[in-house]
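I have a structure I would like to understand better, so I am pasting it below and will then ask my questions one at a time.
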Amino acid sequence: MRMFRNDYSEGAAPEILEALVATNDEQHPGYTEGDPHCERARELIREACGRDDVDVEFCIGGTSANIVGVTGMLRDWEGVICTRDGHINVHETGAIAACGRTVLATRDADGFLSLEEAERVRRFQTGTGRHMTRPAAIYISNTTELGGVWDRERFDAICDWADSCGLKIFLDGARLGSALASPAAKGLTLGHIAKRTSAFSIGGTKNGMLFGEAMVIADPDLKESFPYLVKERGGLLAKGRLLGVQFARAFEKDGHDEALYWRLARTANECAAHLREGLIALGFEPAGDAPSNQQFFLFEPTLAERFAELAGCEIFESRPDGRQLTRFVCSWATRLDDVEELLASAATL
Amino acid sequence: MRMFRNDYSEGAAPEILEALVATNDEQHPGYTEGDPHCERARELIREACGRDDVDVEFCIGGTSANIVGVTGMLRDWEGVICTRDGHINVHETGAIAACGRTVLATRDADGFLSLEEAERVRRFQTGTGRHMTRPAAIYISNTTELGGVWDRERFDAICDWADSCGLKIFLDGARLGSALASPAAKGLTLGHIAKRTSAFSIGGTKNGMLFGEAMVIADPDLKESFPYLVKERGGLLAKGRLLGVQFARAFEKDGHDEALYWRLARTANECAAHLREGLIALGFEPAGDAPSNQQFFLFEPTLAERFAELAGCEIFESRPDGRQLTRFVCSWATRLDDVEELLASAATL
Amino acid sequence: MRMFRNDYSEGAAPEILEALVATNDEQHPGYTEGDPHCERARELIREACGRDDVDVEFCIGGTSANIVGVTGMLRDWEGVICTRDGHINVHETGAIAACGRTVLATRDADGFLSLEEAERVRRFQTGTGRHMTRPAAIYISNTTELGGVWDRERFDAICDWADSCGLKIFLDGARLGSALASPAAKGLTLGHIAKRTSAFSIGGTKNGMLFGEAMVIADPDLKESFPYLVKERGGLLAKGRLLGVQFARAFEKDGHDEALYWRLARTANECAAHLREGLIALGFEPAGDAPSNQQFFLFEPTLAERFAELAGCEIFESRPDGRQLTRFVCSWATRLDDVEELLASAATL
Amino acid sequence: MRMFRNDYSEGAAPEILEALVATNDEQHPGYTEGDPHCERARELIREACGRDDVDVEFCIGGTSANIVGVTGMLRDWEGVICTRDGHINVHETGAIAACGRTVLATRDADGFLSLEEAERVRRFQTGTGRHMTRPAAIYISNTTELGGVWDRERFDAICDWADSCGLKIFLDGARLGSALASPAAKGLTLGHIAKRTSAFSIGGTKNGMLFGEAMVIADPDLKESFPYLVKERGGLLAKGRLLGVQFARAFEKDGHDEALYWRLARTANECAAHLREGLIALGFEPAGDAPSNQQFFLFEPTLAERFAELAGCEIFESRPDGRQLTRFVCSWATRLDDVEELLASAATL
């Protein structure tokens, strides 16, 4: 049975892989500098963003993108505000601190950075001048760590607040495809994100590429720093063309209404929605309202363990009542048949 | 005409690419943790090293490998001795300093770390106790920055000295295939390197893979640190299996006398030797004695410029007499026909 | 009227100042290396600790002591567990992160690191292996950020737990004099701290010296690192003898039952206790039970403001009910008359 | 006999010590924030610089001043050009690298940063774009590491060059008193340095204070960063008033033609010149032309050893001919009688 463990369990989507094979023998300059595939990818992403004044750069993976994006916005004594479950606060082995910057975590528990908590942290950190780390940026991710999807209204509210405080805005888009392809995005678009953030990443790894993230940069400081930082921090790919080939293929429409990137994400979301409905119909209890390619359910420990064995589900945390927060992930590679097969098995547990 | 600009101008060697395509649809755990391809690659590399007590880890690229390998051997106040043209001293945008450690450069000018200079630096740095950075490791690369190849005697001499001073030994093997496949290696083998170094990298990027370096680790401190550091520094690949697939394929013998990795390197070296002889026969002057896949020649500026246009050659430096140190690089993808074509054009310059 | 703002508002205690004046014209080697005053101070502190196998080093100030002590116990990918109000988490402008290490804050709200919270953080951080910062040390301070005093039982419990988890123990003793001179210490002594911690500081700045902290180091790693780190991090004093002169004077008994260091602390504590009782007698409400030289009270905003003007009190935070957590600090320089004068004024507010 | 080992062997000049004693009982806010002595010192230094638009800040010692000044001018991927014997390159245990920045050393051997070498390094480092650390500042010291004194012409030339390249200028003035009080300064003044540098330090430690450096900051970036960095890097003194008291006293003219700071430096220089002449008259060979408070001589090893025992002289390096470069240092505390006593002994060696 197909695993529902993660969205980076397979290799690349067939179209992406074909593009890599087709261009394999070409000779190109390295480091994403001046090869035609990277140039084309930049052009397509700028078009998709509706801005030709942003820089589009590439790096090897999500941690690299976060390291370079976030630390490139901060001076040594500045910090970034994010939720306590933010990827940079928890899951990257202290990568931001390793680069000498401070993560300022709020107490938000649902994955979304709230105005109240962000403002509380900002006020606290600026209360005694230079004796505390000064907040200079916010970090949000879309989808959130718990599969949540920012809608336009919520997104605009946090951006308005950040702007009013002079804070830069970084959006981690490791799962941006799933987020923007979700009906829950309610008007939030790539173009709107490009308009309001200082920089954001467009994740390739979790949406059908072998690896790679594109960074869209509006912030002039980061425009200057990014090329140096990505090299210094080990995130620059020698065969940079591989990133160009993959992102160019993903953002070509090639006769469809929308580019491959969004079609892949839509597949993942549809499978996830089907899985959610199916599990609910079987009487299982969803945890929260995650309208993207990750679905969370609450199971008794024995049941959680069975789903882990059956479908590779990860257990995120134990709730006070003993139930296990369990995650199912669909990807571009999941088919509705895979979901049906899982549901059939689930019915027997 | 094929360019002789670099050994990372193409994609992957056909056998490597096929292996990636063949395994693309498999589902595996991420992060090089527990997928069968990484396990197989580890096994093959341990076998090739003749040691089953070393750790074999993978990371995304050469800068990552150097960052993690070198800084993982140093405490905050310790430094690494290397030649002034060492990759970590010059070409990585201060990556070691960015991680808070100091590079202690010798005055060696030919790419090889000499006993005399290494000892001079060590003695200087330890002369006033804690007021100077204390050397704790040496960094050498094979091939060197100028295409030089360490033979066993020279290698043993620097290792003996480092051992006698209590310094750890890191060998950057970004072009290790070419180095060990060269006749100039005179008895230096993978197994011998594995026996004497604290850690070393086996470069994939410049020898037929899409990307990736394997790290062979004997040093117990680095064994413990590497898995954390590679994640913290952004060098861990989510789809880790890609590294396993490539390195397993490269180190399988699959019916040949030697593994693909060495055959690819041998091809590059043979083309480079042929190119060298051909250019010398045409009356051009080689710079030094580089018995690997990189060849250096000294040209008058106009001629250097023509070779740059014709074959993508890079100009490394201007010599005091005005001549340009110019580099030709062959790779696994270069064919003898490509060399002949270049020589034919060179004859008309 | 004397201010009750802080314990570093004055210069040095008269005895300390006299010692500096008396030795001013002597010539000594620099950097705390080999001058007789530093040697004498080391000897006296070792005696006071009842251990002759600890290293005693000096540095310029409290932030330096914390930077060197804490980061010297951590590798790049390791973190230190402390309370959320811990000085290193809040009041040092990200100094630990600036050195590339991560502070792992618990949710403890009363200044004491609790077993439950420490264990919760430890378990969380080690749950997914190398994807999270690994805890390697705990940081506690005595007195705590809120003036709390660790008693022997509580201290032993956290040390037992840290030992059982293989975590190092750092105790920030910026106000150690006040803590150990307090009746609330209940059997916790300098010797006992020296027996159980990896390293701890003995604060001079806040207990009658012009500046300076002594570090008592049992941890062999830190013994080796400290001398280098304190230089590298800018915490080494050129005229190191000044630290020796002050600490030697403070730890001489010179005919008394106990050394000057403790007598100075006792003065501060006694004034603080008198102040506390007096304010309570006047009907004001103390916040918590701080048996050291800092006293916290809860006032309505207007009243808090008046105390700020009158006595230089700092307002620490606004409570949900609108009351202000207000701090009074006594020092070695405070006299009972000063307290009486304050109480007299307070009675009229 | 008085030692000629260093200019930080004694405590403070009597006037400075008196000022500390006289103000010891005053109560003031901490951290150099708002106490009248720091304010007065700032005012006097601004006056002495002839600029009221510079910020004047204080920190604990010379390494702190260099860490904060230099790293505050550099982004993570930028470097500072200095001579190979520059204090930050050699004598501070990698302090700049520890803060993540790169020192780019020239091959200058006489302590002065030359135009040729500075330009060579700059051109080399900017030749391949983001693959190398980009120079963003120069570091010079006055006096130099070898006691050299910058004259106005030489200083203007390097400043002109730095300006033309867009590089910031940091001057380490640990021995600025001696430098500017030297006849060799030929027109270089405090005011001129304040006009041309981005920031510079005025050393207290080596010119009669217990400790402390003043930083004069014209660079707007550093103006904003300094207060935070000095705290984050552990260089902020809790009893900040001590820095104010000392610098205010040093820069008051109190009835003399020039401030104490310059008179102390002049004493040191005069003794040093007398010593130099005396030793030359005795037939000893000076090394170079150091017109400041440090004097270098070349001695046969036995003789060098005798001077080391006799006067605490430090041996800087062994010359190829076996002679020892030996340093004599005079300070504000040296009297002409001390020099005579040394010369008398020297005559018998």
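Details
First chain written, first letter: the chains are A, B, C and D, and each begins at residue 1.
To be clear about the criterion, contacts are C-beta pairs under 8 Å (C-beta built on N, C-alpha and C of every residue); 3 or more make two chains touch, one makes a residue touch a chain.
On a predicted model such as this, the values are computed, not experimentally measured, just so you know.
Across B-D and A-B, the chain pair carrying more C-beta contacts is A-B.
By residue number, the contact pairs of C-D overlap by more than half with those of exactly one pair in B-C, A-B or A-C, and this pair is A-B. Between chain B and chain D the centroid-to-centroid distance comes to 43 Å (mean Cα coordinates, whole Å).
Chain geometry summary: the mean Cα position of chain A and that of chain D are 50 Å apart. Centre-to-centre separation between chain A and chain B, using Cα means, comes to 33 Å. Residue numbers of chain B whose C-beta contacts span two or more other chains: 76-77, 92-94, 98-100, 130-131, 228, 231-232.
Contact residues of chain A toward chain D in the complex are 31, 71, 75-77, 99-100, 129-131, 134, 225, 227-232. Contact residues of chain B toward chain D in the complex are 76-77, 79, 90-94, 96-103, 128, 130-133. Contact residues on chain C toward chain D in their complex (touch as defined above): 2-3, 5-6, 8-12, 17, 20-21, 23-30, 60-64, 67, 92-95, 98-99, 205-206, 210-211, 228, 231-239, 241-242, 312, 333.
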